[in-house]
Every structure is written in C-alpha cells, then in structure tokens.
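Worksheet: the structure to be examined is printed underneath.
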Amino acid sequence: MASIPLQQTESREAGEAAERRWPEEGHTRIPYWVYTDESIFKKEMQRFFHGPTWNYVALDCEVPNPGDFKRSWIGNSQVVVVRDKDGSINVVENRCAHKGALVCWKNKGNAKDFTCPYHQWNYDLKGNLQGVPLKRGALGQGGMPKDFDQKKWGLRKLQVTNRGGSIWASFDPEVPDFETYCGPEMLSYVDRLFPGKGLRLLGYSRQIIPCNWKMYFENLKDPYHATLLHAFFITFGLWRADSKSESIPCSDGRHGIMVSRNEGKKTTEATKDMSRFKGEFDLEDKDTVTPFPEFPDRKVVGLTLFPSVVLQQQANTLGMRHIIPLSAKEVEVSWTFFGYEDDTPELARLRLRHSNLMGPAGFVSIDDSEVLTQCQFGANGAEDSMAVIEMGGKDTEPQDHMVTEVLIRSFYRFYKEAMGF
Amino acid sequence: MPAETAAKMESGEALDRTELRALKQDLWELYEDYAQACDRQDFQAWTTFFTQDCEYKAISRENFDEALPHATLYCDGLGMVKDRAMALRETAVYEPRHLRHFLSGLRVTSVAGDSIESEANFLVVESMSGRESRIVFVGTYVDRVVRTPQGLKFQSRQAVFDNYRVLVSLVVPI
Amino acid sequence: MPAETAAKMESGEALDRTELRALKQDLWELYEDYAQACDRQDFQAWTTFFTQDCEYKAISRENFDEALPHATLYCDGLGMVKDRAMALRETAVYEPRHLRHFLSGLRVTSVAGDSIESEANFLVVESMSGRESRIVFVGTYVDRVVRTPQGLKFQSRQAVFDNYRVLVSLVVPI
Amino acid sequence: MPAETAAKMESGEALDRTELRALKQDLWELYEDYAQACDRQDFQAWTTFFTQDCEYKAISRENFDEALPHATLYCDGLGMVKDRAMALRETAVYEPRHLRHFLSGLRVTSVAGDSIESEANFLVVESMSGRESRIVFVGTYVDRVVRTPQGLKFQSRQAVFDNYRVLVSLVVPI
Amino acid sequence: MASIPLQQTESREAGEAAERRWPEEGHTRIPYWVYTDESIFKKEMQRFFHGPTWNYVALDCEVPNPGDFKRSWIGNSQVVVVRDKDGSINVVENRCAHKGALVCWKNKGNAKDFTCPYHQWNYDLKGNLQGVPLKRGALGQGGMPKDFDQKKWGLRKLQVTNRGGSIWASFDPEVPDFETYCGPEMLSYVDRLFPGKGLRLLGYSRQIIPCNWKMYFENLKDPYHATLLHAFFITFGLWRADSKSESIPCSDGRHGIMVSRNEGKKTTEATKDMSRFKGEFDLEDKDTVTPFPEFPDRKVVGLTLFPSVVLQQQANTLGMRHIIPLSAKEVEVSWTFFGYEDDTPELARLRLRHSNLMGPAGFVSIDDSEVLTQCQFGANGAEDSMAVIEMGGKDTEPQDHMVTEVLIRSFYRFYKEAMGF
Amino acid sequence: MASIPLQQTESREAGEAAERRWPEEGHTRIPYWVYTDESIFKKEMQRFFHGPTWNYVALDCEVPNPGDFKRSWIGNSQVVVVRDKDGSINVVENRCAHKGALVCWKNKGNAKDFTCPYHQWNYDLKGNLQGVPLKRGALGQGGMPKDFDQKKWGLRKLQVTNRGGSIWASFDPEVPDFETYCGPEMLSYVDRLFPGKGLRLLGYSRQIIPCNWKMYFENLKDPYHATLLHAFFITFGLWRADSKSESIPCSDGRHGIMVSRNEGKKTTEATKDMSRFKGEFDLEDKDTVTPFPEFPDRKVVGLTLFPSVVLQQQANTLGMRHIIPLSAKEVEVSWTFFGYEDDTPELARLRLRHSNLMGPAGFVSIDDSEVLTQCQFGANGAEDSMAVIEMGGKDTEPQDHMVTEVLIRSFYRFYKEAMGF
C-alpha cells in the first residue's frame, strides 16, 4: 500500500487546535476533543477535504445528458458536477468569481451555461468566464478596465475522476491519481461495485446526525458494534461475528474495508454473546432479508473511502453514503441508492425493499444514527476524557474477522499524524 | 365544490357537493385516526389502516418529484407494514420521543367507484428530553383510499415530506 | 365511527355515528373558541369556559405520565381560575407576546350522560419583538366536558405539554 | 353558536346555528382552496380568489395594530393582484422553496347580506435545500368575503402576520 | 464559617478569560462580561461544577427502590443517580468508558444493571464494568488484549452525600465533607427542610431562561427586588421589606440565606416605596395566599447553595430549584416540588396550590424569569459596562433585614477570587 | 469633502481580527473573511457603531408628542428615542444603570418617565436617575450608602441630531457635527428628502437577511447590479444603465450617492446587454410604475449613509432602510416608509403602491435579499478567496454613470484603513 503524504495546505492554524496533545497511549485512544473543537474542524476541512484527497461527488447516471448538472459538496464547499458537451464531466466550485454569489441555485437541472444572477457574469460548462455584461460600458461610459483578463476569473475548477460511473473530485491539482490514492485493494472493491456497466439511480435519502463526521466514519470501520447493536442484523444473519469476515485497513489507515457474508438466521456458540439476538422473531415478508446472490463472492461489504464516503453493499442494496460535515458536532449523511441498468425487475424490486435496512429509517441504520447522537452527547464537555479502542488488539494490521477495532485504530494512527497531533 | 377541485376530479360518476362533503368527512376521520395511531406510537394499530395489497412510503419530495422509486421508508404489501411494526417494537434502538401530527387542507382529487384519491398537509412536531420541541416533518400525503367492508383503508399512502433531510432518524411512521 | 375510537368509548348509552359527529362539531367549536380566547389574551373570557367545580392544569407529560400531582399551572375551582386571570392582568410582569393556537385531531374517548371525555392536539406558536416566531407548546388536551344550561364547559381541562421544558415562562394559559 | 362569537356578530339578519355552520363550511373550503393554491405556487390560481375591487395585504401585526397603511405586500384591486402573479412568474429572482399552510380557528365575525367578515389562524412552514424546515409566517387572516355568481371571493384579505420580521423574503403570498 | 479553598482544577485556561480585569471598585461592581463570555463559562464548569463542590442531584424519594434510577446534571455533565441493591445511592457519570455513548437513555426507570447500547458493555449499579461481549472473541478470533484491565474502565464514580433525603454529589474526590462545605448555619437550614422524615415527590417543572446561570443565582440572593418587583408578594404580604428578615452570606459568600416572614396583607410606612402594591386587588380563593403554619419559626426561606441549587420554602410550597447551566447565555432551571410523607391531605392540597406562586407559571416567578431575560439582553454587547450593587452598603457582613444586596456582594467577592480575576 | 478620522475606540482587539491581511491589490479586492469572522464583527460594532459616527435611529413623526418613545438599535445596542417635555428628542441606551435590565420593554408607547421593573429605579425622559426605592431603607434599616451619587447612575445618554425630522444619534461625545460628518454633497441629498416639512409615517417592514451587513450596504452602492438583475426595473425603465446617472463617493468613501432617472419603458442600444429585459411583459395596473413627478430634479436616489442606513427614493416610495447587524452572517433590515404631511391623497396612495417595489416582498428587493443570501453562502468557508470590484475602473473618483463599482471600491478603501487592515 503506497504511503501518500497529506501535505499541510493551510499556512495559519487555529490557535486552540495547535495546543492539543494526543494521549500518550497513541492510536488506541481517542481524546474526545477531536469531536468537539471547531478549530480542529476548520483544520480538517482545509487539510482533508481541500487537500490532496479524492472526494465522492456524484454518480454519472445522475447527469446522463450534456448540460445535466447536480450540486454536491466537498466538506463544507459546494460544487457543481456537470456533464460537458463532449460527454465528459466537470466539477467546479459554486461561487461566482466576481463577488462570490452561488452561481447555480438548483440541486439538479440542465443548463447550456451558468449565469450568476447578481451581475450576470456567464460561465461555460467548464467554468470559464465567457461573458461580462456591460463589460464595455453603456453609452460609452464605464465598463471593465482594459487589463481585466477574463481568462483569470473563471469558477474554481477541480480535478475529476470517473471510475466506472462513480465521480470523484479534488481541489488539489497535486493530488495523486485515483488508483494510487485508493491503493490496489480498495480499488478492487470500488471496481467490484462499479464494474463499468450502466448505473441506475434509485433515489436519495438525506439525514442530519448531531455528531462529528468522524464518528460516522468510525461507525463504518466498526464491525464489532454491528454484531451486537443491530438486533435485526443478528437475528436474520445479515451481519454476525460468527460469519467469515475481514477487516482491512488501507492507505495508512485512512481507508477501510469491512467484509462479511450473509449466512442467514442461525444459532451458534457465539450467539450467547449477542444478547440482542431474537430467535423468536420472524418476518411476514421474508424478501426483506433474502438477498438475491448477485455477487459471485457472496460478500457483504462496507468501504470507508477517506474522507467523504462510505460505499455500502448489504443484501441487494447498494448505496453511496456521502459524508458532508456541517460543523464539529453535526454531519449530513446523503445516501444515494443505485442499481445497474441490467437489473432484472425482480432484482430492482429487491433493491428497493432492501434499502429499508439502510438510511434514516433503516432497520439497522436507525440504531446507528441514534447511538451516534448519544456518543456526541457523551463527548460534549468531556475534553479531559477519551475513548479506548483495543478490541482485536492494539496494532493496525489487517484481520480476518470482525471482532476488532483495527480499522478505527488505523484511522486514528493516520489522523494523528496527518493533523500534526 | 370549488371550481379548482372540481377541475381535478377525474371521476366518471361525479359526486355532488353533499356527497363530496360526506366523503371528506369520512376521509378526515380516517386521516385523524391514522395520525392518532402514529402519535400514540401504537404500531400495531398503525398496520390496521392498510389493505393487504397496500403500499406505504415516507418519501422525500426530491425523490417524488423526480419520480425516483426509492423511499426513505418503503413498504410493499401488508406483510412489510407488519414487519416494520414488529421491528420497531422488537429490534430498533432509539431514544424515547413524543410526536404530534397536525393536519390541514384535506382535498379529494379523484373518485372512481370505491377508489378515492386524496391529499392533505401534515406537520409533525417532535419533543425529546433535554431539547426544544421542533418540526421534524412537513409535507403532503398523496393517497389512494378504498372502501372495504372494514371501512376506509389506505391502498396507497405516500407521505411526501418537503424536508431537505431527516433530523437524525425516521422511527415512527409519518 | 372508527373501531379504534369505539373501543375506547365507555358510554352506557352508545352514540350512533351521526350523534357522535354532532357532538364532535359542538366540541370543536368549544375548543376553537377557547383557543381564540387564549390567543386574544382575553383572560376574562378564558374564565367563562369553566364550570364552578372545575380543574385546570397545564402539566408536563413527564408529570402526567408519572401521575405526579404537581402542574406547572394549576387551578382547583373557578375561584383559582378567576384569580389567575386577575393576577395576569394586575400583578404579573412580562414582555408583550403574541400566541397562536393550532388544533388538530379532536377525539371523543367517553360519553356518559352529560359528561364527555375528549382530547385533541395543540400547537402554540409565540412571536415576540426582535426574535423569530417559535413553537412554545405542543401536546394534547385531556378533557372532561359537561353540558350546562350555558352550553358546553370544561369541568376538567388538562393541557398536557410534551415540551421538556417551558421556554422562559408560561404566561398565557394554553 | 358560542356567546362570544354571537356578541361580535353585527348582522342585521342574524343567522341561526345551522346557517352559521353551513356558512363556516363554505368559508372553510374557500380558505383551504386558497391555501392550497399558495402551497402549489400556482400564482394564476391565486388571482381567482379575489373580486375585481379587492384589496390584499400581507401586513405585520405591528402595522395593523397601529393602523399604519403600509403593508409588506399590498394589492389594491385585481389588476395589482394579477401584476403580482405575473411578476412572480416573470421577473422575480428567488431560490426554490416549498411552503405549506396550516389553518385553524375559523370564525365568522360579521354577516351583512352577501358580505361576511371572517378570521382564521395561519401557520406557514418553509422547506429549502440544505436547511431545516421552519416556520416563516404565523398569524391571523382578517377577511371580508362576498358571495358572487362564481362563489365566495375575497373582497378584502389581510394576512396579519405576528412575526417580528420576515425571514429573507416574502415571495409566495400568504 | 470555614474558609474552603476552591482549587484550580483545570490546567489550561481559555485565552479570553485569562485576560479579563475586574473593575477596581471590587465586589460592589459586576462587569457584564461575566455573563457573556463563553470561555469564562467553560472555566466555571470546570472550576465550580467539576471542582470541590457539592452539587444537588436528586431527592431520594425519586428513586425509592433498589435499581431505581434518575438522570441528573452537574453543570453540563450528565449523571445517573441510582439506588443500589443495598439501598445506598450511587451517582455515576452517564458516559460509556468505551467510546463515550450515554449508557442510560431514559430520565427515570428501574434497572438491574446498565448496558451501553453501542457495544453492550455492561456496568453494575456502582458503575463497575462487569461485562464486555466478545471479550474473548468469536470462533477463536479477536477479542480484547490480555492486559485489558476491566477494573480500570468503569463509569466515572462521584462522591455522594444523602442529607435527610436530599442527594448531593461531587466529581472531586478531595471535596470536604458536606457539613464542612455547607457550614453550620446553612446546614441548619438544610436540615430544617430535610429533617429526616420521609419525603413525597409532587412533581417537576422545568424551564429555560435565556440568561447566565449566575443571574438566576443572584436573583435568589436579592431580597431587595422581591419587595418591589413582585406585586403579588407585596400585595398579599408574602414577602415585604417591612417584615422581620435576615440576609446571611455563608462560606465566604458562596452560599446565601434569605429569611423573611409572611405577615399577610397590610399597609405600613414602607408601602409607599412599594409602588406595585395593589391594595384594591383581592383573591376569590384565599387559600392561595394562606399558608398553614407548618414551621414553628414561621419563617419563609430562600437558600442559595453554591453552585447548583436554590432551596425554597414559601407558604407551603417546598422546592429544589436545580440550576443547570447550558451556555453563558442560557440556564435551565429544573424545579422539584415535594412534601413530606406525613403531610395531611389538607397540607398536601395547599402545597399544590401554593406551587402556583413558583415555577415557569408562578405568580411571582414569572416576573423573575421575564426580568432576567431582560438583564441578559442588557448584558449582551455591554462588555465595557458593569452593574453596581451597593444597596445595604458596601460590605459583606450578614444583615438583619432585606433592603440589601449583601448576599450578591459576598458572592462576587468569593467569585472574583475563586476565578482568579 | 472633509476627512474625518475614525478613532480606535476599543483598546483590546480580538485575536483573529488582528492577524488578517488584506490582498495586496488593495481596494479592488474584498477578502471574503470580512463577511464571516465574528471577531471582525465585534470590532466593527465597537469602532463604527459605537465610534464617532452618526447613526439613524428614527423619524421624529414616530414620536410626535411629549413622552412618546420608540426603541431603536445602533449596531447591536438597543436605545430608546423619546420626545422630552420640551419637544426635543433624547436618545438613551436601554440598559438600567443598576443591574443592566432593559428599562423599556415595549417598541413604542408614551411614558412620563421610565421605571426599570427589576428594582424600580426610575429615570426621567433625559435618562437621569430620579428615584431609587428604599434608598433610605425600610423601618430604619438598609438603603443605599451615603456616598451613592444618584447623578452618576443615569442611563447612557447619546448625542442627538434632528435633521429635518430624521433623527441621528452617536455614542461618541467627540463625534463631529452632523453636517461635517455627512459632508456638503450628502447633506444636500439628505435635505432633499427632509426639507423640513412635516413627515407622515406610513409603516414598517422588517426582514432578516442571512448575510453580512456590509453586503447589504454594498448592494446599495452597486448601481451596476440593478440594471442587470432587476428585470422589473429594467423592463419598466425605473433603473437602467442607459439613463443619466451618477455614482458619487463621499467622506473618504464611507458614504455613497447613487443617482439615476426614471425614463420609462424603452429599448435602446444597451438593452441587448440587459438579458433580463422583458419587452413583452406589461402590467394591468400601470400606476405601480408610474411615478408622480414630485421632485423637480426628476432624480431617483439611493444614499448609503455610513454605517447604519440607506435612504431610498424610488418612484414615489421614500424609505429609511435601517441596517441592524445581528452577527457576522446576519443582518436585520428595518424599513420605515414615509411621506409628507402635505401629500395629496393621490400621492399618498402612490406611495403605498410603489412601496411594493421595495421591502421583503418588493418586486425588485426580493431579488436583492435572495442574491445576498447566496453571496453569504459563497463567502462561508472561502477565507482564502476574494471578490474583484473593477467595474468602472480601479480608482475611487465620482463617476457620472452607473456602470461602475466605484462606490464599493471607495468604501473598502475607507474600511481597510479604518479597521487597520
């Protein structure tokens, strides 16, 4: 796995952040101030989301035709993802070069170009400034100075990668290529979900969780909780400690791969530790927990692709969980559910049904949203305290089971260094 | 009957004003009883408002307007409705909360035999320990109601919420 | 009448559907007139909705559910109701405010002779100078209404509010 | 009819209780249809609720109570109503939004021939991209409704909002 | 009165707080920045609420049976008050030792033990960690490291005192005992309300007041306002300047005792200064202002027991006003109304009626909530200005009347020193 | 134009503000942090609104009779404007000298004096403390110390100017006189609107715009946007680039005068640049866009009188737009619409109709409120970016047309220096 340096992109650092000291135990501890301090949040936005990272922004099936656009977020910066006339995809920051108004006011649509409403500066689909009304004045008076160089005042253009229909962008022109950024193992899992066949958009679910964005990210690096908290998972065997699993940190720990297998409703040795297992509980409509075996490897997968997204494949529901940090104590999670163009009607139907497991009303995701809220309550005002993450040991090597917090440890080893703590 | 509403009525056998008002009164009771079951968090009672072949969706206006099939909460058939009720009682983990529905603006958009299409605005206010009460959902029901021997039931109920995003989680059906 | 409601009706002499609807219409007018008196901050008018032997409580759901007797605002008898009205006019010091009630979901839970038990949801929105309008109370009325020669009156009105805490003060009765 | 309301009724030819209820039902439909036109942002439909000689105001309670003539949105005659509708469609620049009306507490304050004075509380909740849904307007309609061959119409509608200030802008009429 | 040092419990201090300078007049002035500065608030939470103080948390009649629990607050930290199997009372912080989730999600209930929902770590009623599911892994894989010492990872346990049924807790193991902390005079008044007989819970009223928590505390150290502001008090003689009264600062001024007597409706010399006296106003139901004489000393008492509570006895209403600071500009006041097990039905009835004087809808408390809101409005943005508190002189000695601000002066003499201003 | 020094009125400066560096291009650039940084906001409140500036507070027709008062704002400080017994107008800060409660709780009314509700300190209409109840104690006990000097404890009194019925106030006793502060050109335009004849109050519209207060101020220094954004203006010729116009910076750029002429519906050379011109769109009721020619100069005028108000005269609507900054990211705009006592009924009617152009629901103002909201969205989190304001050149001299941003450049030249950037 390549070691990609995460450069310091901002020169001045907020005072408070600079003074924090990490607990001496290192990556087996998480001081709660990483979840509460707004100056740290600011630094994360700059260093991670504006830094040399690839950020998920859209699926290309959301903007199928030339001129189709969609607004998206990278950290707390809004961008516009737009399909150009030649079919390629551009990502530009949604801020007029003149006086900063958002240029695009709709979440989705089709446009030949973008005109800022304020003074009608006009940009082409690449973000180039192509028109400044009254540039030469009116009735011979006013207008822009002769040395005004229109070419310098376009929208900020981002680096863009389209990987099998998933669109990624970066503010940093020096960002390594997407393949290097992911590393081979993560890349193979991305490709597994985006093998190049046409995608079909099923819809969105958006939610706000009053917790730090990293708590959400950690939650998907934590197979240990899933086998204990989620009664629905455990009972119907969708995710259980006694299934063949893997926990693989990637790229110095920033990314993580969580793999398991759906082994159906069962009772084993390990069930006794899963007190929330409900053997007596059964469903009227079994389809909800009966996946069609679409992937030959029969795996169930959760990928945390730093810093902006979780890629989820559970039963037949496929989802991109876009992480949009709002403040140190609030994160928006924006779910895009999708399938493939070649889905059979029956599989299409199952995708919709299985999406009931996930999202703001998901049979299992409700538990997560609720518990993360309670974690933030616990972190608030507890700056002298810290979490302990020693399940599965203290190191950061890949493990071939799920009774471990190795993905979280790896992440904080990376985080600590990247943030300079 | 207001011209507006009449224009949208696609019924073959148009109702006269009195019949329409009587229908609206029946529907209003159905809507209020449903809201009341949700407010009481009586999930079992909630299942009784649906037909066997029902569809229930709590869906964002964004998805609804774009005709995207995904709904934040989606039940396709009474079995799924009952499974949702049971999961809420038996498996879901969530902080206690109180919810209150407020309804306004019931309108009948179509009548065809025993099948009625109707809509109304909803507002749901949530109260939780240690926090101020707040609006969690606002939007419009888009429904198909049928007459059954057991009274009016929802064959299709879509709670189309305008909210850009769900506040934490959607536990209690809207 | 929906099965749900009917099950809860303890009346010896059950009302038929038409009678129940007529009763609900009468109650609805009572509820709305009461809300209107509160919104107008006409404290004198507010006293006229109660019987001599009345009880009025604005009580948190927390106390109500735990059957604790304390209410945030508590009147035991019409005398206390009138004293509250007078104190609000004459002695209380408070910043001017506007309040608006929104009601939904009236239901009759029992009818026994001239005594009716009924409930409805309330939402109260407050507007004050220099601040945004906000929800100050949301909850459920739990009432006992009696028929009197002067019309329907509250023998017992409990405004059970879900709010975890009162925003500053409860000046105008709910 | 409650004593309260009756006292305020200035009609020469007082309505009996049944007539009043029938009138209120007609008015309620008018109010709800109007609210629905606003919620749909169907500005053309909105113009159809007014008489030729109408007046429409969205006015702050502050101005209303001080009898100041300025209204935040002011139409004097159907021409201005139509111009407003056209300007909203053709010239105004604003971010997309969803609005939902909730009405409560309809009351008739006067009946004189074909001219009716009535009031009701309104609550308007706004939803926009990237933001939480919020109350944007709360207050009371103060109306004069007339019977016309085309049904009930507003000769005067004043949406008196309690809000201290408008949140950003008042685009869609209340 | 013993002088109890209030140690500095936090090492780093927020920048802004450190730079503030108190007006040179000293304790007769209050600079408005004590009410508005969030860095001062943070310091208060640490130094006072997490420091060597006793904080009111509950009445023991709220948790009568083994396993009964109640959530409560000390400053901005949530705790759980729980009756142990042996009948004693424990107070533990409500934050899981693992990753910080709140362990207890309900305000009241009964439990055999506490299981954190996230990974189901299980704690006994003392807060000891007694179970970690999958501690030894599953199918021979994963689990906690061998050196993981379960004994070290319990919930944070607080010091607890039960004084006649009132429960007090402290985060600081070095806190002096409750008797020393109160001092003899305050203690005698606490014992007067909690003489050891059984208590009866009547109910709660909670309110949020948009003012600094110290403003609320001051309000109950200010007998001077009560005889002028509260028309209801004055008119019915429940609290008047022309009644025999005392104003007694305790423990260097942190606590305060305010005493008066109910002398009924009357008109005297002093009435002319009380412009809000309404001689013409009378009640339909006199019971509201007619206390049953339950205390032989016939006193009416308000105690400010630093930093967390006001103990109130007025007419026949007894209340604990729990002060829960939310931010520099907001405080929650949580009222617990109570009586005694041996109350006659008539006295029980009067307690309920008299509680109409108090709380968010109280005939007199409305005035306070409203006026404190206005004080915060005045303080906001007035960092260059200050209050003057010279009524009753400039010193901090006990006084035997109520026309004085001596309790407030004493408090700020204490505060100034304790905060290092 | 006199150069009035704007002294530094606060001694300590918030840390962050002190470290900011302006872009090297100077006044042709605006770094977005001027719109987002709360420490800069605090500094602006002190330096501008509490400094040697004249702030609009009321019209004298709002308080016609002795004792009539009105609450108003200067920056984030609340004041009371009250007509004294002798007919003159006083402005005092609304904060009790005792413990800081707001003394006046109503927005408008009539009073003989002001009594603070908390302890009933009583102030005359000049703000002098004239009564302290129980000053000499009760029953011979308590009361204020002998050396308590009532004269020292009045409400804070502001400097006041009444210019033709417009009322202005200043916290700074050293403020230059109003004439000097405005300078002759601005003064002549103020006098044009307030020539000394009686004013008639028409009413208020208040709105909150989620943008920095300077963005609102800039919007009224920006004739360039009006001829492009406002389709209603352009279409009906109320404000167009091809009308005779002037853009005049005053007093080092702090104030600005924007002048044009209503030339009715027309199509010219310049129309082609105004893409929002809607030739086909016409009104049913032409009165809305048909001003009665009340001013002989036939001008349409927008004045930005630093720091607190925009004076607007457009068609027959006259308005004071009071700028009340709430935080770095929120401003309240409080519109007072007025006419003259000698208005004919027809002119009075037109004023009401034309006010539909303005305010929160204004045919043209809606556009501004909405676009400014989007500008703040753009500025948030864009601290490394900046606006460019070079329309009409790079200098700060008055120009006789509207295709220019000269007023904004002049303002920021002033601002940069006044703030010490």
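In order of appearance the chains are A, B, C, D, E and F, and numbering begins at 1 in each one.
We adopt the following convention: a residue touches a chain if its C-beta (ideal position, glycine included) is under 8 Å from a C-beta of that chain, and two chains touch if they have at least 3 such contacts.
Since this is a predicted model, take the numbers as computed values, not measurements.
Touching chain B and chain E at once are the following chains: A, C. Note on connectivity: the fewest chain-to-chain touch steps from chain C to chain E number 1.
Repeated interface, listed pairs B-E, A-D or D-F, reference C-E: D-F, with more than half of the contact pairs matching by residue number. Once the centre of each chain is set as its mean CA position, chain A and chain B turn out to be 32 Å apart.
The geometric centre of chain B is 27 Å away from that of chain D, both derived from CA atoms.
Inter-chain spacing, taken between the CA centroids of chain C and chain F, is 45 Å. Rounded to whole angstrom units, the spacing between the C-alpha centres of chain A and chain C is 48. Along chain B, residues 93, 95, 102, 104, 123, 129, 132, 134-135, 164-165, 167 each make contact with two or more other chains.
Shared interface positions of chain E, defined as residues touching 2 or more other chains, are 15, 105, 107, 117, 208, 229, 276, 367, 370-371, 374. Two chains count as a pair here when they touch; such pairs are A-B, A-D, A-E, A-F, B-C, B-D, B-E, C-D, C-E, C-F, D-F, E-F. On chain A, the positions that touch chain B within their shared complex are 107-108, 201-210, 229-232, 235, 276, 278, 281, 283-285, 288, 332, 334, 337, 348-349, 352-353, 355-356, 359-361, 363, 365-367, 369-371, 373-374. Note for the complex: chain F touches chain C at residues 105-107, 117, 208. Against chain C, in their complex, chain B makes its touches with residues 25, 29-30, 32-33, 35-37, 39, 45, 48, 98, 100-104, 123, 125, 127-135, 150-151. Interface residues of chain F facing chain A in the complex, by the touch rule stated above, are 15, 19, 30, 32, 224-225, 227-229, 241-242, 269-270, 273-276, 367, 370-371, 374-375, 377-382, 384-385, 387-394, 399-404.
Here chain C touches chain F in the complex through residues 93, 95-96, 129, 132, going by the rule given at the top.
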